[in-house]
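Which chain is which? They are A, B and C, in the order written, and residues in each are numbered from 1.
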Amino acid sequence: MTETQPQGVFVRSDGVLIGGSILLIAAAGITRFANAGAVPAFLCSAVAVALLAALVGRAVEQLGDRFGAGATGALQSALGNLPELFIALFALKAGLVMVVQAALIGSILANLLLVLGLAFTVGGVRHGTQRIDSQRARATTVLMLLAVTSMLVPSLASYIHTPAAPHEGALSLVVAVILLVLFTATLPASLKSKPSGDAAERREPPRWPLPLAFGMLVASAVAAAFVSEWFVDALEPAMHVLDISQAFAGLVIVAIAGNAVENVVGIQLAAKNRSEYAFSVVINSPLQIALVLAPALVILSRLFGLAPLTLVFAPMLVAAVAIAVLVTAFITFDGESDWGEGVSLIALYAIIATAFWWG
Amino acid sequence: MTETQPQGVFVRSDGVLIGGSILLIAAAGITRFANAGAVPAFLCSAVAVALLAALVGRAVEQLGDRFGAGATGALQSALGNLPELFIALFALKAGLVMVVQAALIGSILANLLLVLGLAFTVGGVRHGTQRIDSQRARATTVLMLLAVTSMLVPSLASYIHTPAAPHEGALSLVVAVILLVLFTATLPASLKSKPSGDAAERREPPRWPLPLAFGMLVASAVAAAFVSEWFVDALEPAMHVLDISQAFAGLVIVAIAGNAVENVVGIQLAAKNRSEYAFSVVINSPLQIALVLAPALVILSRLFGLAPLTLVFAPMLVAAVAIAVLVTAFITFDGESDWGEGVSLIALYAIIATAFWWG
Amino acid sequence: MTETQPQGVFVRSDGVLIGGSILLIAAAGITRFANAGAVPAFLCSAVAVALLAALVGRAVEQLGDRFGAGATGALQSALGNLPELFIALFALKAGLVMVVQAALIGSILANLLLVLGLAFTVGGVRHGTQRIDSQRARATTVLMLLAVTSMLVPSLASYIHTPAAPHEGALSLVVAVILLVLFTATLPASLKSKPSGDAAERREPPRWPLPLAFGMLVASAVAAAFVSEWFVDALEPAMHVLDISQAFAGLVIVAIAGNAVENVVGIQLAAKNRSEYAFSVVINSPLQIALVLAPALVILSRLFGLAPLTLVFAPMLVAAVAIAVLVTAFITFDGESDWGEGVSLIALYAIIATAFWWG
């Protein structure tokens, strides 16, 4: 992220990001309205969503810098998952409940297994054994474990506790409210605990003027909303053409497209031997999905009259995420990572994705 | 527990405890025999049981002090769960097997999630981040994990290993015997390892004379036996009036009433920043339930010809306790606690309790 | 393993091993061809297999010493499970798929619960609390956790993810290939990381000449192949006479006979207070079963046209191994072991074995 040749207020990567976003929005629009076929429309909109997600993240970062590291964290929590939120809302509008559920779980899996695995592999190959032994890493992992576990309780109740099964909607709502209350209660503390050293390092010299940062946020968010709809529209026909199941599409494709930023940033940081910070980015994403994104979608799906989302996930999704969370927890408590662990995590991700191939 | 104004051999809290117990035994008796309604009779007997449990604990402490810290531990192991034992036996006599099973699991859940959560929250708000990183804490957690896991094997075998299902009674008996043998074998070592420093600190200046301590133990135990029967008698009608399921009643109400002491003591200790000792009290209770109370009840239910208790718990009870044990283990290995973890634990407890609301 | 009175190139234990092997091969042959009854034939061949397994291990060790510690590790990985491989192939030829699956899981359980428990108990009684807190121990445990978890995914998919169930063969093959690729990729690194100090200590003064070491390896491997067939032939009639189920036979009897070496070596090392090395031997066995033996059997069963082995294990086998792996992981991260933990592990093994008694 550090750039040597700034161009005005933008660093070179900003230019690539903005240019690329405009290009791919155009491409996505053309393939969509010119009926260029399901797969090209789908691919263009997927890449456009990923780029816009990165742009939203960058604008949030610039805007937050005005108000200190704490505000950046708060904004990132609130807005960082914006593209995923849009995609999920449009998918629920289209009745693709299974896709949304698979994408929520898939985001967690992709972060904890694929991205962490890639980060460990890249970091390990470049720098040998890397340490992740801070108290902060362990504490975040414990909170992530608690949040994800809480999110899974309605699923368990629905399968194995017969009397609760007919009330899965009510139970999901109660759990969603409890998780959002928990998020709100712990937000101030989690902001304060942001490591100022890391934030300082992260801040690049050229800063966007406030109106530019704000305007970029609004523009990229609005664009993300549009392109998300195109992406969801193209998803179903593309699934048919490519013969992909709802579960696999949500779990792998939507999850990876929606998390492109965390993915790239986490791996980049590991490559720069900033393993603690890479780990924090990767592990925070599942925490926010369980504490904010999933509960918010449960409530919004009711408010907006969309296909009602419950927290009753398919059993195999629950098993997969339980495995991923447990394995990651042990890896954090291990205190070190190397490329062998990284490759093993990627193998586990591939195995789980294979199991979902037959949707 | 340290008091500045002793009154003879009693500290002020003893007076409150004895007076309160007598008052509530009277109230429980009156509501019971005057047919004052199911709910008042139930509430009075519940509070009376909790106070008598505290009184038994206090008498055991005073008695054990005579014979050293080791004997206190042994007596506490043997007698500390006495009120829970009485309640369970009367409930089995009344055929409420599901209540007893839910109460055993509920005791573990209440200790590991609710009480630990409250202790972390209170301790964290008052003292910031607290450390629980002793080898002893980790070793106790591992033993607790092993004991609870062993207790759950018959349930797993019964659901998912068809040939073992018809033999659930025999399997439960074998497991009960193995667990009691394990308890007996490890008892001497666990006594020796009691930290003398902590025991010394805990000992308050005024001591009860031996006959008083012994008399108080007998009296409170006998009273606990009587009131336990009233409590169980009032439980079923109260469940009907309040429209509460057997599972919820056992899991939440009986569990919290029967563990009132550990609950209060654990939270008090955390508030005094003695987090290691608080943790030890809270984590020892599930260990004893799995190693002593549950196996003893399985065997006693046969010997006394009560409704036979097996260790085949309802699947959701098994899932809930597995979650609680795993989460707590990671929290111990984390080495620190703060109020954010505490609030998250309480949220998880609330979510699990909600899932059991529909019985 | 250190001996004070070497006899030529052999230490005394070698003599006992070679003599015992010849004796028991003879006994196994006689009981088999003289129709001396199912149980004697079975017992003789079981002990002969265990002794030959030890002899293969010893020859590998001597051969590997020629090429450095790395080569020893590579040879041990490749050949150490040779007797188990033979038994499994003959059992698959005889159509005993359930026995093979139970034996694979049983090997993991026996190592992680029974052998580790015995090692902790023996080591703890002799030397008090023992430490296992190296980074290496934790890293190996994490890899073991990842490998075993990956191996279990097809089972989970088959039970709880209906669309994948009809494709359990294909999924097992894909997973087997991924695991073997993972093994091949991580092999060079795992060889390099062998602690040279420990290897040096382990090397006894008298060394076998190269032709002797090679000849002994070939001879013991060929003998192991023959006796494995006798063992499998005697297994079914013995199961009928002793009224033992396929699951119990595989899980307990085949697993313990096939792992006799690791068992004895692990316990001996703990007795000598070399707890880190004992732990490494015990924990490496499940790692190799999941990464090499099980995947190889899946592929070989197809190539050789035997009863096709899948990685879809019976649910209770999956639950048992999940419990064992989790418990062991916490025990490693605990950093210390004592005999109380050891006895608890043995109790858990006994409880799981009891659950499988009703096959």
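Going forward, contacts are C-beta pairs under 8 Å (C-beta built on N, C-alpha and C of every residue); 3 or more make two chains touch, one makes a residue touch a chain.
Everything numeric in this text was worked out from a predicted model, so none of it was measured.
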Fitting chain A to chain B on CA atoms, where both chains share a sequence, rotation angle to nearest 5 degrees
120
Type of chain A:chain C copy interface by residue overlap (half), same or different:
different
Per the C-alpha means, the centres of chain A and chain C lie apart by a whole-Å value of 41
Interface hub residues of chain C, defined as touching at least two other chains
326, 333
Chain A residues touching chain C - in the complex, by the definition given at the top:
245, 247, 314-316, 319, 323, 326-327, 330-331, 333-336, 338-341, 343-345, 347-348, 350-352, 354-359
With touch defined as at the start, can you tell me which chain C residues reach chain A in the complex?
135, 138-139, 141-143, 145-147, 149-150, 153-154, 156-157, 160-161, 163-164, 166-167, 171, 174-175, 178-179, 181-182, 185-186, 189-190, 326, 329, 333
